[in-house]
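A short write-up of the structure that comes next.
Chain lettering (A, B, C and D) follows the sequence in which the chains are written, and residue indices restart at 1 in each chain.
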């Protein structure tokens, strides 16, 4: 399949089940809601070393938030519910409870609840007050700038992590330009985050390493400087590859994000140095979710 | 002491020895250097729950960086050298190695070296190459977008953490406006970071809690909603308090940051609802560094 | 009427008929579409001295733009169609034609067409090429970075200019905080712009001046420093007033924007130093559109 | 001359005398100083159609501004002193006087003074008050949010407009990446602005047109799509050209800006698709300032 001169590989991305949650941060204005959200979702690119994958989903209009203030929705993904709950609580406690004028609300419904303000309330040293409105429980925790309002719990849901595609380009600036266009488009898609810095990862990895202590290492088949030294997957005219990784609530959400992202890359086209779109998988044996590029773009 | 109608309390901030390091992230442009720096220093507000306190010191001109590209300097503070090294390596590996077009360099000299690219190099799966220029060792690690260049080590130095001051105001918007002005001024001071979200923390804590499992709890004496319920330190007309915490390489660096920050707050003055400047301490018995507000502003 | 402690004055804003147009700027990424849009809509706060009132309406997803790239929609308002056309053409020629990777499209349908690329095409020095797709005419103009694609015309419509409301607060930081919250909310409303810097104007004017050459002068009745020297409209506890001016396609669009903006201000409430919401009018004799605050907030 | 694989043409940029001024805008915080500065310097890319060329020079630390608040310095260039004064006054009146919490100060000394607050004061309708501090005259003009403080005059100096260089690249994303790197570097150089959107212009022009009414038209010799249809200056592998135009206080300031900008482009190098650096001139007969690329980079 070729779109605007860009080859879409007959391959697929392979993704895994994860647990996810969403929270809504509000503040006196959008700037401060965003500051808290950025702090809370920082250092969260990869679940193995960061404990979770997290990102900003989108900004929320005042009429979309529980307290009528500007807000930001954040999503966190982890391998299991226990790790997810721990990450949510620690990050909320360090980065939202502390952030001027903020409040914190559930962002998703589910029968499985995980604590949001439920344990953070103890920071109030007994001065905290519970409040139930329309069947939802909130905690009002006295802090120096006034009060930190936090809903008691938010929902935990099954989700999908590790959707991805690779952008092959003739040079680094072209690969980056294509990924920037893709991220501009994908950040408008609901229910997904792209957890790497700015949404893009340039250090794709393969399973295994020549060093026994390591489980993963550079994906040498896609490293342009190694074309002559390894079994390369890269065509002669490809000098830079970048990857976009997507975590989403459902397979369909990741389908949507991949579609608009790949389309944005292809809009730049072969004329702008984009040569191929590929994807990363483990042969299809490990992850139950398969995203076939040509089906998505059909 | 009164400056522009604002009372400067006869008290002091109390700070502790920490270990610190600095690294320089460069990228194809300032935007992407900043994206990597924000990811790397996210979720790093407080050393206890985040493992370190980290922040962006400033942007660097191309002629200030080792590879002549736009850059950002980041600083990380931890209680000891071992924790510092671990945080630096994990955060660099997750947030800089992964970030498109980035390179990573030492940002401070010291006899005590900690690994920067030294261990990250193993990601290269044997394809990495060492390079020594002017006596400094670098690693060239093949990645998908080209090559990740990382200096082998950076310096670790003794530093000071926990400088602080409190802004007391008649309302939350006034406290926030004052802190924004202070942070605008303080981020221009070299050798310091303000690790909380946007530089400001609104949930100051006291040592101890009525809940045995907790070591700290809300600083009720400075919570405006608790004026009638606890031994309050707040005057009747104070309805919001925010704090700025500063980590710095030396006591003098924190002195400078506190001075310009407090001055910026006082420029707004009593007319704009700023009532007092105070500071947090533990009676002077725990932290060897004391920052007397009135001396700093003399 | 009182909302969250804030008095809503029994008064109205008075607005006037204007002509308006909308254009869509796309670019390689959102950053550069926004850069062109900011340049094009700069220095456009007031129609009298700037020739038009202009602003950014919102960012557009790639699937919302004619060429599938990230985009920004801008709106321009003027007193008449001739002035509008001139401003559109000059600003597009100086700020979009010149801006790297940009393209320019119609943003609104109307039987009345005004030139977008129609005259700019002559810059192509005879090398430009017309292209008709689905009945719409485009010009492809050769430029140094490739080609500037511009739709021949966009629509001109009747519109409404000068909707407004005033925020009265106890201090400047509180008035500003309230206006920031209002603008965060109002920028999400379609079909409107707030043409002043950051959406806010602090130098409201009255008709007439003691200097004969001037038609307008400071609205002394709303100047807090003049309370003792003029017939003031301000209560004793009001020390700062800011205004938000809105231009919109229809009266209903301005109604919507005023509603969400005033609501955002009232969410801060009397507790945060917001005392009253008022509005500016000329006695109702000059402008045919009246926006009664209490009706809007009912 | 070849730097990192990039050919530096044996040519020169040709520039003209202009008049320039600088003003300092301060505000409650950096965000609002920047908002006013962006509005004031918007729609100011080219002196012919915009009346002036204007831009933001840099942000200022509170200790660098006359009132100790965060600030931004803006520069305006025009062909003569009269036009410069008119643009300064209109833009300051529309975009700074109106902007919440702002104040306005002289940014450059000179025996030739032009009005800053001198005429804007009449907006005060007789309520304005003069104030002389250290021999400098200021006006305090009552406005709704408090008071607009404006220094009476600022300096007007001789300056140089039209320094420039061209970046030739293999594709549009590569040209843009190179220009972004150049602008990141150049915006750190004092005494210069790059007046086009984001600092870059992609629609370079030649003198004259086949249409008699026009004085300038697309620089067809540098348009990649016209290689086969005109006497092209472009090599076969060049598919995109962008230009950076610089206005500066002196020839040396422009020298400095060109040097760091061209260096930043060359740092990307031929490997990233940058092929040549050139410059625009009129044969050296019209503009008295010549910037020889190879001398600057020697």
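Operating definition for what follows: a contact is a pair of C-beta atoms (placed from the backbone, for glycine too) under 8 Å apart; a residue touches a chain by one contact, two chains touch by 3 or more.
Here's who's who by UniProt: A, B, C, D = Formylmethanofuran--tetrahydromethanopterin formyltransferase.
The structure presented is a predicted model; accordingly, all values stated were derived computationally and were not measured.
K.L.:
With respect to inter-chain C-beta contacts, which pair, B-D or C-D, contains the greater number?
P.N.:
If we tally the contacting C-beta pairs, C-D comes out ahead.
K.L.:
At the chain A/chain B interface, shared numbers over all numbers used: above half (same) or below half (different)?
P.N.:
On the two sides of the chain B and chain A interface, the residue numbers are mostly the same, over half being shared.
K.L.:
Give, as an integer number of Å, the spacing between the C-alpha centres of chain D and chain B.
P.N.:
Chain B and chain D have C-alpha centres separated by 34 Å.
K.L.:
Please compute the C-alpha centroid of chain C, do the same for chain D, then give the distance between them in whole Å.
P.N.:
From the centre of chain C to the centre of chain D is 26 Å.
K.L.:
Quick check on chain D: which residues sit in contact with 2+ other chains?
P.N.:
28, 31, 172-173, 176-177, 239, 268
K.L.:
List the residues on chain B that touch chain C in their complex, please.
P.N.:
31, 170-174, 176-178, 239, 268, 271-273
K.L.:
Show which residues of chain A lie in contact with chain C when the two form their complex.
P.N.:
Against chain C, chain A makes touches at 28-31, 61-63, 67-70, 177, 180-181, 184-185, 188, 260, 263-264, 267-268.
K.L.:
Would you tell me which residues of chain D are touching chain C in their complex?
P.N.:
Within the complex, chain D touches chain C at residues 28, 32, 35-36, 38-46, 49-50, 90-91, 93-95, 97-102, 122-127, 141-148, 166, 172-173, 175-176, 179, 196-198, 200-205, 209-211, 214, 217-220, 222-226, 229-230, 239-243.
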